[in-house]
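First chain A sits with chain B, and in the next complex the same chain sits with chain C.
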Partner chain A sequence: MTEKIENSTFSVQVLSDFNSLGVKELKNLSAQNLWSLNEKEILAVQMYFRSLKRNPTRAEIETVAQSWSEHCRHKTFKSPIRYQEGSRTVLIKNLFEETIARATRQTKKPWCLSVFKDNAGIISFGNKGKWALAFKVETHNHPCAIEPKGGAETGLGGVIRDVLAAGLGAKPVLSTDIFCVAPPDKKLSLPSKALSPERILRGLIAGVRDYGNRMGIPTAAGGLYFDEGYALNPLVFVGSVGVLPATAVKKEIRPGDLIVVAGGLTGKDGLHGATFSSANLNGEDHSTAVQIGHPLNEKRVMEALLAARDQKLYRSVTDCGAGGLSSAVTEMADIVGARLHLEKEILKASDMEPWEIWVSESQERMVFAVPPSNLKAFEKIFADEGVKTRMIGEFVKTGRIEVLWNGQTLINLSLKFLNNGIPVEEKKAVYISPKIAESRVFPKKSLSEQLRDILSHLNVCSREWLIRQYDHEVQGGTVIKPLQGTRHDGPGDASVIWPQAATKDISDLFGFAVGHGLNPSSGKIDPYQMAWLCADEALRNILCVGADISRAAFLDNFCWGNPENPQVLGSLVKAAWGCRDASLGFQVPFISGKDSLYNESKDASGKMVSVPGTLLISAIAPVPNIEKAVTMDMKGPGNSLYIVGQTGEEMGGSLYNELNGIAGGVVPRVDVRCVRRNFAAVYQAMSKGLVASAHDLSEGGLLAAITEMAFSGEFGAMIDLDAVPKQKPIYSSEVLLFSETPSRILLEVKPEHEAAFVKCVKGSCVKRVGTSIANPIIKIIGLDGLVLFEESTAPFKAAWQRTVLP
Partner chain B sequence: MKSPKVLILSAPGTNCAIETSNAFAELGARPDIVPLRLFKEKRVRLLDYDIFILPGGFSYGDEVSAGKILAAQVKLHITDIKNFIRMGRPVIGICNGFQVLVKAGILPFSPSCEQSASFVANDSGRFEDRWVHLRINTQNPSLFFKGLPEMIELPVAHGEGKLVLRSPKQLEDLKRNRSIAMQYVSDDGKIAPYPANPNGSVFNIAALTNPDGNCLGMMPHPERYTKIHHHPNWTRQTFQKQAFGMAILKNAVDYCRG
Partner chain C sequence: MIAVSTHKIEVSPKSEYGDAESSSLAVVLKSSGAPSVTKVRKSRLYEIRGSFTATHINRLSRDLLCDPITEDFRVLSQPPSTQGPFWKVEVRLKPTVLDPEADTIKNALIEMGFPPPDFIRIASVYKIESKCGKPQIESSAVRSLLNPIIHLYSITACS
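So, the complex of A and B:
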């Protein structure tokens, strides 16, 4: 059915009978070509071309397919949803608008400079708002399942380009990476083509390491989470933070600006990445859908871009990510319009059809809008860095996207159709709260065994083996390292970055911290509470290093299964509501986000398995004076230990429950009013230099946290459980030791600061629970006043430092 | 001379030029980050500068082997480097810069500039970033360690940092002409294997100089310890009140000030 209208090797392909095809044939065509357009969508495309009285070219359909893909459009988040829970039905017009976007609007933070519009969220930063911070976290799940190393490399490369294309370009100063994978030490039965968890994990680490280290950007805020639910679909979250001058936040397009591509050449790698990301992975070969990364090329592009930015040589920039030129140019053209001569693009493969050039996702390319008078200077800067540039068209005030191929029309589409023509379809969501009977098991293990099992659990144990493979100190700005303590090996809650390499001003002591919250185990019981817990954890982590959380901003990343399944969508809606309420509750706006759906695959028995609904909330906040930052390692004997927040009998989703085979239980709740007061008091005390160390209580609860503080500082601690503030009376010491009630932090205060500290935290729930001691032991006084637990920290540190990958 | 001019070489893939430059600016020197291209185009003269820095990074992606391509380029386009060193002006190759100096045959010093040593992958088989204890060779005549204690700490971050020599005799020569500037040691100052020695370098060598002591190649990164808040334990306040990396760079600047 393809008819060539030109007799050269490359030609414009017209789908000559497209307008006369029936529904079934159209659907087949969409599936064959990996367009991922559903029935309604492909019919809308046909209707559009019927109204034009002509058949489309293949390139035109490809353009529509990528523009309308889940990856570019976030259809699930932006379609109407009919939500049902029990007898209650809610009609949601636009989930994104009604949850995350609304919360951000309502928090009204004037220091949010760009939210949800640009390639990254941008907030004000530094003294007198001279600078801005751009932050973006993205998923790169589908490619990483097939080719973990290449997937991780291009994932990181892509998110770095997002930050390079935030505003007029930010200098990346921090990379973050979070991997959700299956435990490598468990025998799992996998389908024949699936990679083993160990191979996936090794590949992911190698990818981030080799790309990040070569880019000269510190990777210092990561995480690793193990759950069997990720065996077939690993989740990979890569993030980048950049610094840009506040004057470089605004971008614009003017008709007459030239469209210039700079960077790597275009090849066949990465065809259909955008549409492929909404396909299920079923063991078929998708190798051309994964791109190949080259950090040195990206580094050259980065250097040239920042130099050109400082000379104000271009008016707008975007990166070539999913959907390639097609996506980048249409996004930039927005409502203006663009005319291109695609034959001017420089190729690295000789056998490319024009439509392939248009949608290729070859890496390390950026698209710029350059005023004609600046073109020469622009080209010179890039040439000096050894980066190829090519002017391939101009922005024109037509409201259309027109692409010519050697004078022939390859694409001529109205932007209105591309941007608004997508048919919306009401989706169905159902939420049935899981009926998990709470089993009452009385564990027979001793406290010592419990603690050892917690600290050596894959989700708790040391990440040193991983962190050290990343250059987390390049750029000379990592003033609080991810590993802390006497022997530089304790589990820091967050890193603090002092971006001297971007500001080039070492008298400016402004820094920032980034933290993450991820808690899929609570999501299995209650996705709404999961969102609260993620938000709380992300804030808690950065508060522990001294960040000003009244200036914090959130990023969301949703990774769910197939949203066509009403139950999957139901839990997604719940989590989005949780995000909205947590954002409003904490008064912390979301500035950027991403969703990755269709994370499901057939298992060895052919059953479709989807990942546990996984929400990642990342928080970023300034540390106005890096010299006031705090670490988690215990600083000395004879200091008072305080606990922030009340402990509740909330064991649902806790590690203790998991390790003891206890199902169900109450998922903890965040008492936000109380928490905000507590957190503000803690920040006050920290900014006055009154806190010697701070560590958050997370997986494993109080006993794990105090043990980590003690062994990292090589001291000991004595804690009196009776003094621990409780929401309601708690009679079980195990609950007090292992409950994972959120919003709690352990603080160490030196005697000389105690009076000032007590004054500072007056009116908030911060209670003294013990003292640090010189002997490296942990001593717990039980509720009955007797010694409940008294053990040396050494064996626990050894358990915590277990090997994950041999 | 009031304010020494510092040339910090940049090439595709060098990563640490800006923080190195910031440190020199803080010391009152005048740092310039100069792309290798300008040497090729003969638009810059090394001898117009007082200090020459080859910063860390992954020059040319460390393809072929670490620092190899840049070493060839330096030999070809920065021919003045031999004169620069002979004139006694300070040169520091940091991490990748040290690899470049070795692969260009500048260190270990030989009059003919023939490569006599190399770097291979760390014994651990992977890239590692961590702080190490170093012992400065008090016999070493170099200008870079004045006023520093014998034991210092600095961070290393590399994947190919294991120095290998041609022969045991070469090691004896290096010892005899006091060219070994720093060694990796344990926290109590002893020559010890991994992890004290992060890469498995022969004789725990972390830094070398030429016999005159004005050309220093070091795997650790002085530009990552220019402020006490760079130290992993600054919040514990048990370390010395001096940022040792800054002290090394300052010695180079002070030397030029005379």
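So, the complex of A and C:
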């Protein structure tokens, strides 16, 4: 309901004995109030107030708790870590600085316009550098475990607001979603309060569908990954890409600018979301942390914001996310300072304490820095869209955050203390290589059964039932769609977006592609290699649709268990090193990222279970001419099929091993020098229009990839295994067919383009392995020259098209 | 002057059109602990309080609350005649939880020129035909139709 409710009559609450409390009492107080401040931190707060010779107000402690929470501060990534692996000890001062940030600095890409500073990473876009792309992917795991639909809605709403608040505001043109959940077809024993995986999945899909579709933003890139490790803690990654003029990237705050809140009203919903994300899920009631999304409100805010941006009515903007006004205003005030009159905020609930108003995470709100002379014009634009605005204070050059409540001081804290006062604590990390007993089983199933099992596996099978619920066409710019092929039902590698709805220039054919890499199964064996594999997969996916990967940028999202556990932190450190090396190896910078830790809960027997360390790497790159974009479906008979990259005997973490009950094995490695050469050659060929179709080899390897290409195009293929380039001699056809060696792509080349193609890829590892045929069958010639496999594609398509949920 | 009163409007899918949501809910309920569910019918119940005439209510139900091609609406003046036996599960958001749908309907009513309503509450009503007892229906509903953290619900036997 939108009517204004009279401001609450509560007065400022001072914690009158705070400075005299002992350690134990302080710890209890922190736990009772869901502050998630540890012993050292709450003592630092007490020290600060003792030095001021006054007791804090509750709102002040809440501000510190929000600002120092894992969610806002990324304490694990920014504190010193003593890492041990065998007899080797490494001291890390700041994991983020030494891995991801350093790699980005060293790659020195001038087209990175804003990295790690703003609400989203921003890169240059378009032919003459007229535009910029903002990209952000966030996690929203804890809220989704409690209320999946509301959690997914507000997760997506939040990341869209991040893009709206990137620079002076970008118009969102694409949403992405990746869910990691437990397989719904397995009987799992769950604690009484936990929701079933099926329920969670349905809720997540409904949330993204209802929010994204109503906002009018296409949801056209994503993924779904099943593993039992996500039964108690589902992982939800939501992302948004926006387009903004290059001139709107810079934002600033000047003393005297007014602080204006626009959007939804403030209520009690979602109190303590930020500090909640630093706590484990332990079966208690968390109803205060539940948020429900209101997409139509956000849509109005978006329209008004973009209009106000184009009229240059404000100097800076940020979204009210975790921590509400407290985080947003503190973040904006940065080193300047701010003075607010909190009673001016408009409420939708009457029983709110001032501190609750300050930290409420009511959705769909944005905070602006508006020069006083523009206030009237600014308010009018928002009022025309039906959005309520309220001026609640101004930025002042005091270096402090001062909040008044009906004339009384509610908060008076120095920004220096808030930003730098957090005590640093050295964390311990240990890495022990998992000992996985090698077992070699000789599968008894025929190749045909193996292929059917792979294609109908939950992690491979068609996502059409999900994709069709999302509007992936709205805005009319989805030139390469998630489902491809003759019947629009084949598995595309990535989507290509032509953001003409934002640039309003249909003669500009510049587009972009977004891809994701996620490989938790290899992370269980080797987290360092997992990072490489994720980076490789994300790049490979966007390369397959014709993106210029020399202009690609990465986003990282780490979801791990409790970092207080040295082994959990050890594998996190390994993965971060992997990210650094992959970024430097591929020469692709990271531009933004997020971490979500403490993803652990007690299972039915009371044992603490944490998620498998999960890294998501998202890649974005321009497609300079959308007319040259490529899809994965086979285009005709008589075309040559080429494979990019060598195949190795690396079956560790592969689907084939999983399905045949084989444990251990070598996790594939990325030979980056060779891969960069191959990928560059493939892009050259694609940009000249020499490639008819391209599909990456991922789960299920060569046989699954060629079958998917064939049934999507409704043609067939003949492949000669002897011609497949190998790292070392391989004598097993099954390895050649099912190995998941990364960096490999299948290409289809028409005869008339073959000579030019061969010239183009000279010097790289691209070899002809077969031809496409008119008959819809897959024919594999084995190493002995005999026909190893000859089957119609129809039953395999049927197996692949199974639905995940009834 | 029209007296302020509460109007209840139930919107349900027309029988001649397939109701995919309800048939999918039957499968979901079966798999979450109520194996003998034979049929589920889902409808939406709107409670609108304000100064509305019967004509107002008919018009706003037809033009705003229901899709007149695929859905029917009924204004409930007295307890509806039931075609039982079935279990009726009513699910609504807790008053402390934001209800964007009610908010949007309220704004739409005002924009359509109706008098502003005092309040709007929306419930999902599930009519479940099953031989299961109340505890089974309740536990499977809690597992699949609602989330007790944000919802209030009632379960009644209708004959």
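Note that the second predicted complex is superposed on the first by the 797 of 806 C-alpha atoms of A that agree within 3 Å, B and C clash if a C-alpha of one lies under 4 Å from a C-alpha of the other, contacts with A are read in each partner's own complex, and residues count from 1 in each chain.
The criterion applied here is as follows: a residue touches a chain if its C-beta (ideal position, glycine included) is under 8 Å from a C-beta of that chain, and two chains touch if they have at least 3 such contacts.
None of the values given here were measured: they were computed from a predicted structure.
Of the two partner chains, chain B is the only one that A:T631 touches; chain C does not reach it.
Note on chain A: of its two partners chain C and chain B, the one contacting more of its residues is B. In the superposition on chain A, A:K750 makes contact with neither chain B nor chain C.
By the document's definition of touching, of the two partners only chain B reaches A:G216; chain C does not. In the superposition on chain A, A:I506 contacts chain B only, with no contact to chain C.
By the touch criterion defined above, A:D269 lies against chain C but remains apart from chain B after alignment on the C-alpha atoms of chain A.
In the superposition on chain A, A:Q484 makes contact with chain B only, not with chain C. In the superposition on chain A, A:I146 makes contact with chain C only, while chain B stays out of contact range. By the touch criterion defined above, A:G293 lies against chain C but remains apart from chain B after alignment on the C-alpha atoms of chain A.
Contact with chain C, but none with chain B, is seen for A:R199 once the two complexes are overlaid on the shared chain.
The residues of chain A shared by its contacts with chain B and with chain C are 295-296, 386.
Residues of chain A touching chain C in their complex: 1-2, 146-147, 150, 195-196, 198-199, 202, 267-269, 285-287, 290-297, 349, 362-363, 386, 806.
Taken together, the chain C residues at the contact with chain A in this complex read 24, 27-28, 31-32, 93-94, 96-100, 102-104, 106-107, 119, 143-144, 147, 149-150.
Touching chain B in their complex are the following residues of chain A: 209, 213-216, 295-296, 299-300, 384-386, 467-481, 483-486, 488, 498, 500-501, 504, 506, 626-627, 629-631, 633, 635, 693, 713.
The residues of chain B lying in touch with chain A in their complex are 12-16, 18-19, 21-23, 25-26, 35, 37, 56-58, 60-62, 126-131, 155, 157, 159, 221, 223-224, 226-227, 229-230, 232-236.
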